[in-house]
Amino acid sequence: MANIKVGLLDFPKVSQQPVEIVERKGTGHPDTICDALGEELSIALSKLYREECGAIMHHNVDKALLIGGIAEPKFGGGSIISPIEIYLTGRAINEINGKRLPVEELAIETAHRWLKENIPNLDITNHIIIHPKLKPGSKDLVELFERFQLKGEIPLANDTSFGVGHAPFDDVETIVYEVERTLNSKEFKKDHPYVGEDIKVMGVRNGDNIRITIAMAFVDKYVKNVKDYLEKKEIISNYAYSIAQKLTDRHVDIFLNTADDPENESVYITVTGTSAEAGDDGQIGRGNRVNGLITPYRPMSLEAAAGKNPVSHIGKIYNTAATDMAERIVAEIEEVEEVYVYLVSQIGKPITEPQVCDVKLRLNTDVKGIEEEVRKIAQEEIDNLPDTWQKFLERKFRLY
Amino acid sequence: MANIKVGLLDFPKVSQQPVEIVERKGTGHPDTICDALGEELSIALSKLYREECGAIMHHNVDKALLIGGIAEPKFGGGSIISPIEIYLTGRAINEINGKRLPVEELAIETAHRWLKENIPNLDITNHIIIHPKLKPGSKDLVELFERFQLKGEIPLANDTSFGVGHAPFDDVETIVYEVERTLNSKEFKKDHPYVGEDIKVMGVRNGDNIRITIAMAFVDKYVKNVKDYLEKKEIISNYAYSIAQKLTDRHVDIFLNTADDPENESVYITVTGTSAEAGDDGQIGRGNRVNGLITPYRPMSLEAAAGKNPVSHIGKIYNTAATDMAERIVAEIEEVEEVYVYLVSQIGKPITEPQVCDVKLRLNTDVKGIEEEVRKIAQEEIDNLPDTWQKFLERKFRLY
Amino acid sequence: MANIKVGLLDFPKVSQQPVEIVERKGTGHPDTICDALGEELSIALSKLYREECGAIMHHNVDKALLIGGIAEPKFGGGSIISPIEIYLTGRAINEINGKRLPVEELAIETAHRWLKENIPNLDITNHIIIHPKLKPGSKDLVELFERFQLKGEIPLANDTSFGVGHAPFDDVETIVYEVERTLNSKEFKKDHPYVGEDIKVMGVRNGDNIRITIAMAFVDKYVKNVKDYLEKKEIISNYAYSIAQKLTDRHVDIFLNTADDPENESVYITVTGTSAEAGDDGQIGRGNRVNGLITPYRPMSLEAAAGKNPVSHIGKIYNTAATDMAERIVAEIEEVEEVYVYLVSQIGKPITEPQVCDVKLRLNTDVKGIEEEVRKIAQEEIDNLPDTWQKFLERKFRLY
Amino acid sequence: MANIKVGLLDFPKVSQQPVEIVERKGTGHPDTICDALGEELSIALSKLYREECGAIMHHNVDKALLIGGIAEPKFGGGSIISPIEIYLTGRAINEINGKRLPVEELAIETAHRWLKENIPNLDITNHIIIHPKLKPGSKDLVELFERFQLKGEIPLANDTSFGVGHAPFDDVETIVYEVERTLNSKEFKKDHPYVGEDIKVMGVRNGDNIRITIAMAFVDKYVKNVKDYLEKKEIISNYAYSIAQKLTDRHVDIFLNTADDPENESVYITVTGTSAEAGDDGQIGRGNRVNGLITPYRPMSLEAAAGKNPVSHIGKIYNTAATDMAERIVAEIEEVEEVYVYLVSQIGKPITEPQVCDVKLRLNTDVKGIEEEVRKIAQEEIDNLPDTWQKFLERKFRLY
């Protein structure tokens, strides 16, 4: 039995505190691109290793650097002057039983595939250079990994670290998340091809006033001129407002591309739909947490989940597990209004034996009645940790 | 007058909650190296710009990537097989009034200087490659910058963002911080040259038991053999214990290099004093917050402060200001036991006009009596924000 | 009038000397790829400059480095482990009248286009990385260039250098050239898709015995097994023999892929058709001379023509001019059996005023009767030098 | 017995032909720097391999690319804006018997050492970045190599290729060579520290007039102003003249830095002594041949000798052997005025069994009397080929 503590949240709800800040960096934000490429590479490596030897071998590709290009967007379609460059870094076993594995090619092909699918206005052949910089990693780690993966034993925590999650989202969190997800959905883009993928949404609540500030890259070839831009901007603002106001009773204001200076034709258009084309750099782990948001008024882990191996890396699997656990508890136990979950590992111990699993509840009832239920869900989630890797391979978590 | 709210902390002290986690990545940790090089470059650029045109021009060098090398440490002195590589990325104006500025050379020289001073066993000529990848940045930003820097007006916030700080450190925080600082002090190294700079300290408190886990790279040439290693390890453990136990009344255990397997001669030795020599990668912004710690049980900003411009970048100056403000309030007002400060900016507004400055206090008295005092300190700190850049240039903040 | 000297070749024909060596590196050879990419980039830049300002501006992109990848070819189709990387280096003006020009993107797109067309089994998106490393060049050169290009004056020689050419090809030269050209022709490939583009032909004549040694990369996906390989090899050998024996009366032997060791399944197959996929590196200027051959028994310039600017670079235009002149003289003056032409420039003098144009003839008549005719052709060719750039843009020279 | 042919040179001496061109790129020329670094790396690898396993293992590091930096020289001492970058490329075994060898570090350290010694005004830590890009090479080659190196058998020719040499130097050749060697000698520099290492000497003879054109980089910190520059230029011109006129009876003119425009303060000064600091790129194999010169009126091999393995690479060892053989024949046989030697290999045959060794003599006597003597020297040189590698390791050849 894991060391599960069940207690109560002993402070007012964030949504009732005077100020709240929530942010989401959308699909085409340079940091999100880095997260996505790191995670996709981890998935691709995991599948490759499983094909080659039946197990996920050691890898950790959680460092990446995107160096912005130089672009000259213009109404009707501009051009790229210098390409974007992305360095994909980390450790990955590149040889099994004397057979050399194509880990660098995998990195390149995986990155291109994701970019083609997700940033469709980016010419993946000519406008971006992928630099795979993978090294085999230290032998000790590799051996440890083989031992547990191939023998089916429970993986050992790679570190003393922790994960954290909460549920449910409050109104500002939901708005920020949904606005980006909707504007970046394939359905919406069908009718609004001028909407680029680089959409950053910041929600700041002051008392009962919610300001939603959106920075959204337009795709230049779908915009004729400043007038057309301003009309389309109006459409998007209104649409975002319609999403937001359904999700809260509070007053909402939408601010879209506030730095625009239309009189000087200085507006936020791009060739590719991402600011990465022109100067904005990115890294893994600097964007959204595993629940898809940045929430400074909630507990957060600094760990980058993207790119880490899904078998034993606490910084990855404890964060998603804590989030999953919180969501299940809220979903399955009616009396629970809100949950925070902290999971703390012990380096070298099985991942199913955390130092502590700290569950804090906000209830509309007494804790006694439901403690057992909570504990049961927590234990189930912990017991399932050795199989979590499957969910990563099936992309069942938001992760970024 | 800024929008300053003064309220009360409405939850139990972290140090009285059942679990607490605190971490510090020391000077030689790959993430810390990246932070340091980004920040040193920002300082060097600021000085260069001031020499050239009397003002700090636009720059933002807050992205860096360290790609670990390959090394073969051995007792008595090993060798480097492949060098460490560091990419220093970002925006920096490279021309003023038609004069080309040596920003790339500055990046290389600044990095080498810091490394020579701080990682003395690293051969800066042969064991590390610095890749400066700086671009001039978008013109709009540059113009905005010139406008305010050169005319002496109050800089405008570059973003809607926020900073956060707390004071004072509790016992676990103090221990984690002091253990690393002491082991990495020049005085301590004089007698213990075998202590490398890559020292990661993790403190986990469970009730009244504090486990301090230290991963510390030994420098191989100062260690004769396993026996010698174990003896020196014992010395360091004891020393760390002596530091820690003075700083708390709780039970402390020290765990140093727990992954060692001395029977197989597998212990944590390095040629250079940093794990960057052999596989550990790093990035800016993935390590310590501006107070020098990673504290998941405290509010944290995800922003990397290191490398950002010190004039208008909220992600930098609001974090240090919030920390400073918290420390001053605790220091100057006896009745205050603990403070949390949140500072939220409005993009495009003067940095001295935050959306809100949210100060939360834990008091041994009634808030009425001291609210005015708190407000006065807060306002002073806010008023001083336009001069904060000087403190960065003088390295007056911990920052990482 | 140029300083044209007309004399006689005072030594026996190379084809009658006891030994002769001739080499040609085919389209897919790493050195030829570098030459082609450099030259295509020069053409693309020239066109861009003409569009932007009506004149070809200064550029010199005659340095390139191809770093071979890692591949695992196998019968039926293998895979690429690590990509090929190509650095394209040199000087190219990247700004005209304040307008930034996309020279880096041009380098990438031009390279991809040539590779797609010429190495069709190479996946240009995933199996090759193009690194453009172009710098604007020194201001003095740029100004000099503008002066002459924009004002229509005759360009000045950029260097004291020389060019050399001869005509006609003898039998060994013709065989070496034709064998590669035929095997690499689109028509031949239609029926023989297994023929890769990396075809190196070496002809060594010992008295009346000509050994034609061919190293030809097979494309693995079109070859089933060793047996199939050997059958196809037989086809190619026979075909090469049939080409060669039509072009000489001497005894010819064909040696194809002599390093094969079929018993150990070690044969020359590739995934992409070029050895660049697996270790063979390349550079500009290390392959064929401007007549398409390497002929150590003939005078040769070491200059790389590929990538140099076509307006004033002596190392480029004097070599093609000397070759053209030699070919015209042989073609138009029946009495001339063979010609060697040397053109020597004077730095800073108009390109139409060489220090000397040294024409050496082998005649079946007396020199007196035809000297005037030779001189006339030479003078015409020299007079046309200022327009030579057009021929480069139309790819009228072999060049590599 | 090798197939040695002894014949006569059947054309007039080059020095009696109307035109002659000779060039030498000095120590600090970007192409020469590349040659030197490639060759020094080959030597360092050879020594490493011999230490590790008693034999020189397969390597071929004959491709390199120098990308010029950006500099702002000025009288009294200027500054570097962007560093020089050098890519060192090729194949080198990096593991012997499971032991990883530091080939990349060796490349970096060797390059730095040579640069420090030979380009003393270059700051090797901050002004140049060495990128080692070495791959292990194909297994087949490696195995072949092991077989012959470790068993002491005679190495097999790696290619069908050839080498060529001639002796003695004529007057123009001697002048070009000696002028550079003297100006770049340590003794001369003691009194003339303003003389940079990038000295390119071109000799063009028209009948009895020899023009020696020298492009020589001055080191800016040792030159006060234009006046000082012009005075020092005068000194060097006179000195070069004094060297030249002792070596010929012909008329000599010296032209030093002819592109200077002193009225506009546009003169050839550099921070580091090499034009590589500001835009001039370089490659291996584009500069001097193994005799230290570029001599288009003599037979030349296009092969780069520098960086190739000294055991079996025909492009290296046959060129030095042909040159040595020619020099010995002229030195030891009084009747021989001039010799050209061609050595043609057969791939896969022992290096001591060339297809042909073609020795062509210019005599002041009848060939009969001395043919045997010539043949004997030639055979000795061929017999000694398996030991040639020692001379490369001892740097006994000019090579570039």
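Letters A, B, C and D name the chains as they come in the text, with residue numbers starting at 1 for each one.
Criterion: contacts are C-beta pairs under 8 Å (C-beta built on N, C-alpha and C of every residue); 3 or more make two chains touch, one makes a residue touch a chain.
Note that the coordinates shown come from a computational prediction; the quantities given were computed from them, not determined experimentally.
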Quiz item: Looking at the contacts, which chains touch subunit C and subunit D alike?
Solution: none
Exercise. Take the average of all CA coordinates in subunit A, do the same for subunit D, and state the distance between these two points in whole angstrom.
Key: 56
Practice problem: Determine the centre-to-centre distance between subunit B and subunit D, using the mean Cα coordinates as centres, and give it in whole Å. | Solution: 51
Self-check item: Contacts with two or more other chains, residues of subunit D listed in rising order
Solution: 70
Quiz prompt | Chains that touch, pairwise | solution = A-B, A-C, B-D, C-D
Quiz prompt | subunit A partner contacts - residues on subunit C that touch it in the complex | solution = 70, 72, 79-83, 100-102, 104-105, 108-109, 112, 124-127, 129-131
Quiz item: Which subunit D residues qualify as touching subunit C in the complex?
Solution: 5, 7, 10-12, 18-19, 21, 63-65, 67-68, 70, 85, 87, 89-91, 133, 135, 137-138, 140, 160-162, 164, 202, 204, 206, 213, 258-259, 266, 278-279, 281-286, 294, 296-297, 299-302, 304, 342, 344, 347-348, 355-356, 358
